[in-house]
Amino acid sequence: MKFNYYPGCTLKTKAKELDAFGRKSLEALGVDFEEIKEWQCCGAVYPVAKDEVATKLSAVRTLAMAKENGGKVLTLCSACHNVLKRVNNDMKTDENMRLKANNYLALEEPYLGESEVIHYLELLRDYVGFDKIKAAVVNPLKGVKIGAYYGCLLLRPNSTMAFDNPENPTIIEDFIKAIGATPVVYAFRNECCGAYVSTTNNELAKKKSSAVIASAKDEGAEMLVTACPLCMYNLRQNGGGEIEVKYFTELLATALGVNN
Amino acid sequence: MQRLEVAFLEKAKELLSSGQVNRVLAYKKGEFCYDVSPAVFYSVEELENAVYNGFCGANLSKYLIQESKKEGKVAVFLKPCDTYSFNQLIKEHRVNRENVYVVGIECQGKFSIEKFYKTGVGFVASVQEDLDSVLVNGETKIDRNAVKLERCLVCKKQHVVYDELLVINEKKDGDLDRFEMVKKLEAMTADERFAFWKEQLSKCIRCNACRNVCPACTCTKCVFDNDDSQISSKANADSFEEKLFHIIRAFHVAGRCTDCGECSRVCPQNIPLHLLNRKYISDINEFYGEFEAGKDIAQKGPLTNYTTGDIEPNDFKGGNK
Amino acid sequence: MQRIGVFVCWCGSNISATVDVEKVSAVLALEPNVVISQNYQYMCSENGQALIRNSIKEHNLTGVVVCSCSPRMHEATFRRACESAGLNPYMLEVANIREQVSWIHKDIEEATEKAIILGRTAIAKLRLNTPLTAGESPVIKRALVIGGGIAGIQSALDIAEAGYEVDIVEKSPTIGGNMAKLDKTFPTLDCAACILTPKMVDCAQNEKIDILTFSEIESVKGFVGNFKVGIRKKARFVNEKLCTGCGVCTQKCPSKRGLNDFNMNLNTRPAIYIPFAQAIPNVAIIDPEQCLKLKNGKCGLCAMQCPTKAIDYTQQDEIVEREYGAIVVATGYKPISLENFNEYGYSTYKDVVTSLEFERIMNAAGPTSGHLERPSDHKQPKVITFIQCVGSRDTSGCGKPYCSKICCMYTAKHAMLVREKYPDTQVNIFYIDVRTPGKNYDEFYRRAVEQYGVNYIKGMVGKVYKEGDNLVVQGSDLINNEQLLIKSDMVVLAAAIEPDPSVRKIATLLTTSIDTNNFLTEAHAKLKPVESPTAGIFLSGVCQGPKDIPETVSQASACAAKVIGLLAKDKLKCNASTAGADEMLCTGCSLCENVCPYGAITYIDKEFRLGGGRTEVRRVASVNPAVCQGCGACTVTCPSGAMDLKGFSTKQIMAEVDAICKN
Amino acid sequence: MNSKEQVKIIKERSGTDASKCMKCGKCSGRCPAYNEMDIKPHQFVSMIEKGEIEKLLNCKAIYNCLSCFACVERCPRNVAPAAIIEAVRQEVIRMQGGNYINSEEIPQIVDEQIPQQLLVSMYRKFNK
Amino acid sequence: MQELNKEHKPLIVAFCCNWCSYAGADLAGSSRLSYPANVKIIRVPCSCRVNPTFILKAFQKGADGVILCGCHPGDCHYTSGNYYARRRMTLLFSMLDYLGIERERTRVEWVSAAEGAKFSKVMNEFAKTICELGENKRLEDLRCKD
């Protein structure tokens, strides 16, 4: 099975390590993947308003391109995942969106949400399997107490994202176990980091990020992992800088021995 | 093939002269070689007129409803397809099995006289049969398959009930798919299907031949002859009634029809009525699992049975739009 | 020639506001066979019925059409009216011009036209009606009660009181149900056990009542007055007759780590146990999943210790078949699973408990012997926060769309009990609305606020999380328009209740209908609240809808009254609309026999005259009218049209189709 | 455009049915930006339903909503307060001069570390 | 033939079983949940009482759509009637489809006594479908409308 890898803009710029470690790990795990040739920016944020069509079109283009190639879109950045998955759901279920998008794009064959958007973590869980990862680990991260930071975009709205239990997720904890470390469950792992508001209301972002870090430290976490460059930025810049925050792919690459 | 007819006559004579039965239900000669008809023979002498050849297409099982009620035992020569109908009649308590001695007789496929004409042989005065070919009027050799009834080209039946078998050569199964035309129709658009059936069914003259010959249509009084049914009609008053008659008839025999093909064989207007029955058979197979009426009398009929997970009436795939 | 009378009802303004009743009766008067057509304000009233009766006599009517409300409402009323005027009660047809016309259509012209068509359709059918007589069948004078909670207990006691035998079938090892688990009851705060256990003992001692615990309904056949029920008595590995409930076995059992489901799994019990001290029957039971002897053949201590040799490791399930005239369903409820409500931390934090668990914690016979302690560290909580409507009134798909009805009151009760026993405890309650309809209910709730100082907060909780040793409840206070973060030692969730899952199978066995929330449907929402639509099946307690104890007991007694009324009859009128075969058409093919769910069809060999002195013996179908329930499955299976259904004959239905389509 | 029409458009744009709200306040109980919201999530639902549009168009809350969807996730009645907030925000920023931040301000708020994703999402949330 | 009449009000015959669907229709009524007036209900004891001839007859006499409503599978008042009805109607509908008659004109829905809202929804949807199909040219040929 071939996966159409969608890195997204941030992974080509500020979050190069999220991308690089992700690719190396996929190769180490023997996953067949290929970067979508002419992918476009997903739009960074899902346009919630029903009357926004144009802002979703670039996501539709990417999805339609992937359809030609087996239809499995592999995402890594939480924001891209959220946007692509929700737009895809619109193309599947929203008659108005379908009609307008297809009219505009005039593809050879109309796109009706046939592709499937899969997050890297879902790939690890559902296609590779955490057992297999465990077996492939060469440098287990023994004794490291790691808090999983889910944030919002992977989990909500659950009706569309269907990623994990939105109030009590376990996928990153299972991942942490698979690479030999100790997961720390804390209450704020699905709370917002402050998101895009950090530019206009930095105080709010500071409050939110530091609450996440406080909650994790309270339960004994030594490190946080995330899949989202925006969360990473907020936790690092606005969280008080008291805890190490890493992309989960970096830990995966380290555990698999492909981090250099 | 002539050996089979000799053996048939010997067996019939033996059954009568030994007193094992007091009459034989078989076929008798007509004016021409091809107008063979079912007949009851009470003595060895009468058997002079008995025949068994490629024109003995008629399904004898239905005659047993009346014959098995009479005094004494009747012998009958049943082709493989006839035994399915016979079995179904037993299941429905329509024949008295004890009064019937069944000889399962070999069948290599029966003829359609129209198909002879189509080959251009002209008048058919005599036919000498071989396993794979026939010699018409002593001069023209024709492939046997070219003159067989459609139902025989798809036939894969074996005798399912008999007291003894009279088989010299093993039967060769027809290699065509009996649902081919049903599938073709399903693949047509709804408009095309409608046009097809409109053309076919509008030929119906309500002669009732299909009903009278059908071994599943054995009601004492047909609903179409019964005013109380509110659908009685002697002739088609309008184009709806042509369809009503045939839809209801097909529905009444659904799950009971053995696909003996007699309805189409006897239709003077050559309406392919068996395509209605086969649609039901193919639907039943698809929706409720393979079922062949008359094969196993212990098995429940598909319309008197159900499972909790049956397909919903709004959900079947259906033909093209 | 039929002489038909048409009677159009106004139903006050219910019909007449949208249907021109004058026009309807005038138009229908012109229909063939109609000799009189009238309209009246309330046809179901005594005057209305008198109008019908008098018309029958005066005009020598042979049939009556009433255009009114649904026949499911007043068909029986009008049939009685016909009968008392000497007309066969089945010479009546009802055109439903209220539920199917006036209540759903606004346009007067359109509604009037439809009412006329429905009237014509009823006339068309009636022209073909024939007088019917219902047969009679005997009533088995014994009742079955499914479920041994307070509802089942009350129904059984009342039925037994009237002198009829009654069996209680309970799926768990003891009767008592959810009520046995409760601590106190609202609105009077008397102890649940004190009022329930005497009733349990009454059941056990009443010679008319047979209690089958640890038993389930396996099969149901028959119909009202004549049910045949197969009951599976599951193996409890203890001989009920020999066991005296001394409890020696439970003390000696070495396998003590089973979860105690009577205590909501808050503590453990041995593999052989008696559910609770006042269990009825007071007999031990072995959990085969936990018992060392049954699992791997090693142990047998209990059998050695048992003074009456009651332990039987070889006991098997047993099926008993019994006959009943009436069946009461009292299967009760359970709290919903909270897996969709992880924001409240139920599966994450030990100190977040459900209200039913809290009952056990507060109960003197519970796991903490009635001391208020929180499960995580057995400390006495100083702040307790209650959250109401957990899963109730939820249309998102996570919970239940209905109000569970009992939560507001029991939460007020819990708050009061805590404040009463531990006055220094702070009690907060998050609520959406406080719903207290019922005698002394609102007063009860107000006492919680005014006398006991319970802190009611209008708003809902968004998240419960841990901070240090405490839980933080984050919720909104809609009155003060602020978001609260309340440090709490314990959180109690008022989980929605749902019908016990066993009811699904039971409903199927009883062929009675169930709604989208798995509550059993009553025959009429207002007028037949304890009858199910299936004759002879009655509904008691929460299986029909959320109820508190007083309501449950009232309904249980109402149910018993209905059962007694039924069992008091020696014979029941059978269904008059039965199938029958036209022997001249029947071919005896047996297709109809295959689809009859009641085994009402048999075949006989019958001699028929053919004329000319000849006869013929033919096999023909014969329907037992006492057994036939009139579904009509046979009529469609019959290819010859020999089989027909009285009251819903082919001719009649075809005439209805005709009449509807003609317009 | 009168305010009635505006309310209708906002409701349609939100794709959610505010009339289903039973006023339990769970959205506001869950909101992580609650203290920064001058109009609370539950008020958005109730005010749009009542047509009180002026206050909504002039509030600060539309810029402080994090679009974290916590309120949507937990609503027991399938109402989506975040979608109403977004619909109001769109109404405001689509107006002439309605941009919340201007492009010339951006260099001042950008630091070295800001990911592209943040810039684009901020721009899309606050500008036409 | 005549032009497609925009005013054409299609006629719908609904066979409803007495125990579930007819009661569901009553509930729709008492809940004031409207559906088009051209839906006319015929009460039958059970969905299994409905003979295919009734449906064909309705079409012959001018009905534009026929719907059969019964108890949900498993909830039949007579235990198994709706299971037989389900098989019969599946085969009948499939045959009509085979003959080129639109399958949308026939329908089976399971409506319980508690589903007044569903009854009204089903009837509105079915009436809409039939309205969109209009007076069918294909069937016109078949009928003998008065």
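By letter and in written order, the chains are A, B, C, D and E; residue numbering begins at 1 in each of them.
The definition used in the following text is that a residue touches a chain if its C-beta (ideal position, glycine included) is under 8 Å from a C-beta of that chain, and two chains touch if they have at least 3 such contacts.
Because the structure is a prediction, the values reported are computed rather than measured.
Touch-path distance (fewest steps) from chain B to chain E is 1. Under the touch definition stated at the top, chain D and chain E share these contacting partners: C.
Steps from chain A to chain E, taking the shortest chain of touch contacts, total 2. Taking A-C and A-D together, the pair of chains sharing more C-beta contacts is A-D. Centre-to-centre, using mean CA coordinates, chain A is 67 Å away from chain B.
Chain B and chain C have Cα centroids separated by 54 Å. Mean C-alpha position of chain C lies 30 Å from that of chain E.
Centre-to-centre separation of chain C and chain D, using mean CA positions: 46 Å.
Under the contact definition stated at the top, the residues of chain C that touch 2 or more other chains are 343, 463, 595, 637, 650, 654. Looking at chain E, one finds that residues 52-53, 57, 74, 80, 84, 88 touch two or more other chains.
Touching of two or more other chains is recorded for residues 166-167 of chain A.
Taken pair by pair, the chains that touch are A-C, A-D, B-C, B-E, C-D, C-E.
Touching chain E in their complex are the following residues of chain C: 70-73, 96, 98-101, 103-107, 110-111, 113-114, 117-118, 121, 507-508, 511-516, 521, 533-534, 577, 595, 597, 629-633, 635-637, 645, 648, 650, 653-654, 656-658, 660-662. Of all residues in chain C, those touching chain A in their complex are 341-343, 345, 347-348, 463, 465-468. Those residues of chain E that touch chain C in the complex are listed here as 11, 13, 18-20, 22-23, 25-26, 28-30, 32-35, 37, 40-46, 48-54, 57-58, 61-63, 71-72, 74-81, 84, 88, 112-115, 120, 146.
Across the complex, chain C meets chain D through its residues 343, 389, 393-399, 432, 458-463, 474-476, 478, 481, 483. Against chain D, in their complex, chain A makes its touches with residues 8-10, 13-15, 41, 43-45, 47-52, 55, 77, 79, 152, 155-158, 166-167, 191-192, 194-201, 204, 208, 229-230, 232-233, 236-237.
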